[in-house]
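The following pair of complexes shares a single chain, subunit A, combined with subunit B in the former and subunit C in the latter.
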Partner chain A sequence: MIEAAEAGPPLRRARLRLSAAFWRRPWLKLTLLLALPAVAFLLVYLGSLVALFVSAFWHVDSFTGKVVHAWSWTNFSTLWHDHTYWRIAFRTLWMAAAVTLTDAVLAFPLAFFMARVAPRRMRALLFVLVLLPLWSSYLVRIYSWRLILAKDGALNWALNGLGLPDAGLAYTNTAMWIVFSYVWLPFMVLPVYAALERIPESYLEASQDLGARAWRTLRTVILPLALPGLVAGSIFTFSLTLGDFITPALVGGAGSSFIGNIVETKIGQPDIPFAAAFATVPVLVMAAYLVIAKRLGAFEAL
Partner chain B sequence: MSGRGTRVGLAVWSVLVIAFLWLPILIILAYAFNGSVLQTWPIQNLTFHWFHQAWHDPDVRSSLWLSVKVGLLATAVALVLGTAASFAIARFSFFGREAVSFLLLLPIALPGIITGMALNSFFYFAGISFSIWTIVIGHATFCVVLVYNNVLARLRRTSPSLIEASQDLGADGWQTFRFVTWPVLSTALVAGGLLAFALSFDEVIVTTFTSGAQETLPILILDHIERGQDLPVINAVVFVVIVLTVIPVVISQRLTHESGLVGTR
Partner chain C sequence: MSVQERTEERHLESSPAPAVSLVGIRKAYGDVVAVDGLDLEIPVGEFFTLLGPSGSGKTTTLRLIAGFERPDEGRVELGGADVTNRPPYARDVNTVFQDYALFPHMTVAENVAYGLRVKGIGKAERKARVEDVLRRMRLPGAGGRKPSQLSGGQRQRVALARALVNRPQVLLLDEPLGALDLKLRQEMQLFLKSLQQDLGITFVYVTHDQDEALTMSDRLAVFDRGRIEQIGSPAEVYERPASAFVAGFVGVSNVIERGGKSFAVRPEKIRMSDAGAEPARGEHAEAGRIREVVYAGMVTRYLVELDRGGELQVVRQNLETSSAEALDQQGRNVILEWRPEHQLEIDPEPGETEGEQ
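Moving on, here comes the complex of A and B:
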């Protein structure tokens, strides 16, 4: 080891001098810490994002197939005048909203039970039971639903066993709604749980002492305090649905295309400018959503 | 605060929602042992045959190897960048601090497809051809935030005066790091790294746009599902993928008692 050979006073003094030098110049330390991540993110990530949206104003020449670097609104006007794209955009947004609402309804009672009713050990177990699906492969979980909803799948098997007819859900928008709500559910449960866990017990007692019944306490004390958690969860469910193209491809039907599916096809052609133009829709929606979420205090809940 | 009826109602609801979360996972795990080549329910004639078949499939092997390499490299990048950024954000105040922390969160706040497309068009216009490094760059952008969040949470809970105390007692930078900073941070780093690996290992969307013709394991799975090809083998692969992502997440949770998604205490 080098250390053993040189670990005399000179090396120690040098190390102390170096430490002191950094201590006296915090800006130097900061620069060294920030340089790598800042350069990586500004150059590669932010740079790519900007390049992408600049390219939305370019277009692909229909004869040569090459990207023409001239400013125009061509892509946007194509999108604006084609009803198909409007329908696809509305389907995507509508689905994102429906999934967010469904997940909020499913998650809130579970999160409440975890945070305020369940005993300590059970709480830890429930936490892991919600956490594992969140981190396990989402592709695999969509695939599972494709098999469950199929004609010879587990759902129809269970229904027939009860003497009911087939559900006929395979490859429909309803199937997409179920699967989206399923895959993003843990993303809603955890922030709501975190928000509910932070409410001091004394608030609830105070509400009771002042004569509020359970329903009133829920509405006027618990819900307002849980709102940042709900909004934080909705950022995930909304954004993840908005940008997805795997679920529509695997469990959706013929008329189930999302913005993501069109964008993916166009990138493959490759018509990057058009894909970029259509992708501005989810980005603008998310930007507006994040501004509102920040106002509602969702970032403190994250 | 709640009456007995409410508590029972909440418990029943919770059991149902947890069942909803877990039934599809259990069902897909069961399919790996399906003796029939048809993907019908209930499964028939339990068998381990497909695991054997999957293990000897050259495509599966090369995809698995690619996914492991990408996961390790992306995790390494994420550890370096995420730790440096979290120190800068937690221990300093400077102009643009808010902007930097927002920029780091952006890859998970924006839909994955946007990150994927942006990188794709960057590579396309810059004339960079797809390689393992383009996948690693794509994965690292969203893995950084996991390490960053974990380390930041830990730094916020530990007082900076620990470091000052160490310096006052005559320790140099290396000793302070070795005996104060590292013991405080190590589990947060391991946890963040494990989550980063788990996320990278089964990522599909960004990978679609940054891999070109290379097939990571999830891309291979997606490809086979879409074409309906060799599904029994894919079911066995899926079983392994689930197990391989569950292990790091459980360890990570044990180390930090956190979700890695939001602060819970």
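Moving on, here comes the complex of A and C:
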């Protein structure tokens, strides 16, 4: 080591001395490694969350239209007493749950096939196919669905060609459900794939060896071990749906407003404190969701 | 099923059909032939070992018995019944896996009870049998723990318990001691052997460790390149190896060529004395020079270059020799002697000899 540090060209010597200095002071290495993400996390990430929570307790003076920087429960009281907001919150939650369940049901067999059955080349192809939609803009994909589901769109054209009546899906909650399930599917497939791929083949053989048929092995060995992947995927699909406002605006109908749409409208008024108050609802729902997932033991197999 | 078939089946059950019988098995993965022309009969209650280097087909043979693989040709029989087309869950055998394959999300007790639950055995009996087998495996009170909280040796015994609690006709063990350290491994060898004798269950044991095979087995089959080179008791295989491969794999490869023939001599059968000494009458003698000395605690190994060509290993117990004295022997001229009956003529070409009882 000493010889190495004292021989060779000057640049190489300097580099060796520097790395030796880092080796002697592990805390210095750690500080340099974490400085940037720590600043970003504290200022940008936590800072905006704190700003959200604080501003939710301010309110807008109805005469002047100015934000009053004083603590009050005004916004939360309005949310609590107006049934419209309850309905919108439940619609948002219900849709997030339906989309999550749909994606889990669709993703599991596909991920299982990719992880444990498909030969290497087919697996690569399926990966590309699953990820392909993410390469194009989210807006473009939602507009395409608008065209597919429209009254004179591709879906009805195909149905009419087969002699069937119109599907009548344009601007409905069903249309939203289809589009959400489509756009968030890759976010479910990938974590479930990762979880299934990690299960050693010998576990499945051991289960068979002990007398279990395929269905029982799936229920008692594969599903519990894939649960962390399913929960990770559901956190994506659930929270992405919960916070969305573009899909309801573009493919939803008159009665399809989400929490996000109200937030957007209120910001435009501008009533930022009320928008902030309503925006805390998805945050609290996600917190509760994580607590329940932990209670159910979803992270134990990690 | 006709009456005649039924009587035949009963006849088969009452006759002492072998626990495992493999007939004309061949299994290939693509172009790679894993086992070829395999015939094997294992009687009930035997401790039978499949011994061979990695890639010799021993694990494939075990997986064929368990049902994880289907043969391309040939038949697998368990207790006289053809099970070639039966899936693993319909075969009365259980496996102890090399990586133990304990379910990480279940406790030890849940792992062990798994097979019983699948079979729909009631809760009370399940509990009693799990406790009994855990006690037998010297794991009392471990039932509530997760596999990740156990040591390697304990996991190994949980894997054994999980298989044995089902009281299978045949227990298959795939290098179960490979991950343990030497001391624990030797302890487990004796434990497994006495367990097998207590239970009377047929054990089929896969290993690449010749000491393990010689210590534990009633009989063993030596595998090389997808074929069985020799089947026999440990003494038969060790003392009368059927081929140069067996002689080299089971024990030390101590083969010399004399007059166009190959001979094997076990290193512990060779007596070594100083160059000037008079050879004893009736013994075979060879002169040589000690090329290397390896001190190994209990014994010392000497590599002796023979004047007439070839090299032999000699093992001597360190009865009264110190390590310094042993190491001092290097470079000395010696005479090696052994009794003619300890010199075995063997087939020089490995792989061409068919297995022989």
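Just a few scattered comments:
By our rule, the second predicted complex is superposed on the first by the 262 of 302 C-alpha atoms of A that agree within 3 Å, B and C clash if a C-alpha of one lies under 4 Å from a C-alpha of the other, contacts with A are read in each partner's own complex, and residues count from 1 in each chain.
The definition used in the following text is that a residue touches a chain if its C-beta (ideal position, glycine included) is under 8 Å from a C-beta of that chain, and two chains touch if they have at least 3 such contacts.
All of these numbers come straight from a predicted model, not from anything done at the bench.
Judged by the touch definition given at the top, the superposed model places A:Asp209 against subunit C, while subunit B stays out of reach.
Looking at the shared chain after the overlay, A:Met176 reaches neither subunit B nor subunit C.
Of the two partners, subunit B and subunit C, it is B that touches more residues of subunit A. With both structures placed on the common chain, the touch criterion links A:Pro200 to subunit C but leaves subunit B unconnected. Of the two partner chains placed by the overlay, only subunit B lies in contact with A:Gly47; subunit C stays clear of it. Once the two complexes are overlaid on the shared chain, A:Pro224 sits against subunit C while remaining clear of subunit B. In the superposed model, A:Ala89 lies in contact with neither subunit B nor subunit C. In the superposition on the C-alpha atoms of chain A, the part of subunit A touched by subunit B in one complex and by subunit C in the other spans residues 205, 207-208, 301.
Taken in their complex, subunit A has these residues touching subunit B: 12, 15-16, 18-19, 22-23, 26, 29-30, 33-34, 36-38, 40-42, 44-49, 51-52, 55, 67, 106-107, 109-110, 112-114, 116-118, 126-141, 143-148, 150, 152-154, 157, 182, 185-187, 190-191, 193-194, 197, 204-205, 207-208, 214, 217, 232, 235, 239-240, 242-246, 249-250, 260, 263-264, 267, 270, 272, 275-276, 279, 282-283, 286, 290, 301-302.
Across the complex, subunit A is touched by residues 1-3, 6-7, 9-11, 13-14, 17-18, 20-22, 24-25, 27-28, 31, 38-42, 80-82, 84-85, 87-88, 92, 94, 100, 103-104, 106-107, 109-115, 117-122, 124-125, 137, 140-141, 144, 167, 172-174, 176, 195, 198-199, 202, 204-205, 208-209, 218, 221-222, 225-226, 238, 241-242, 245-246, 249-250, 253, 259-265 of subunit B.
By the touch rule above, subunit C contacts subunit A in their complex via residues 66-68, 87-89, 93-95, 97-99, 101-105, 114-115, 118-119, 162-163, 166.
On subunit A, the positions that touch subunit C within their shared complex are 200, 202-203, 205-213, 216, 220-221, 224-225, 300-301.
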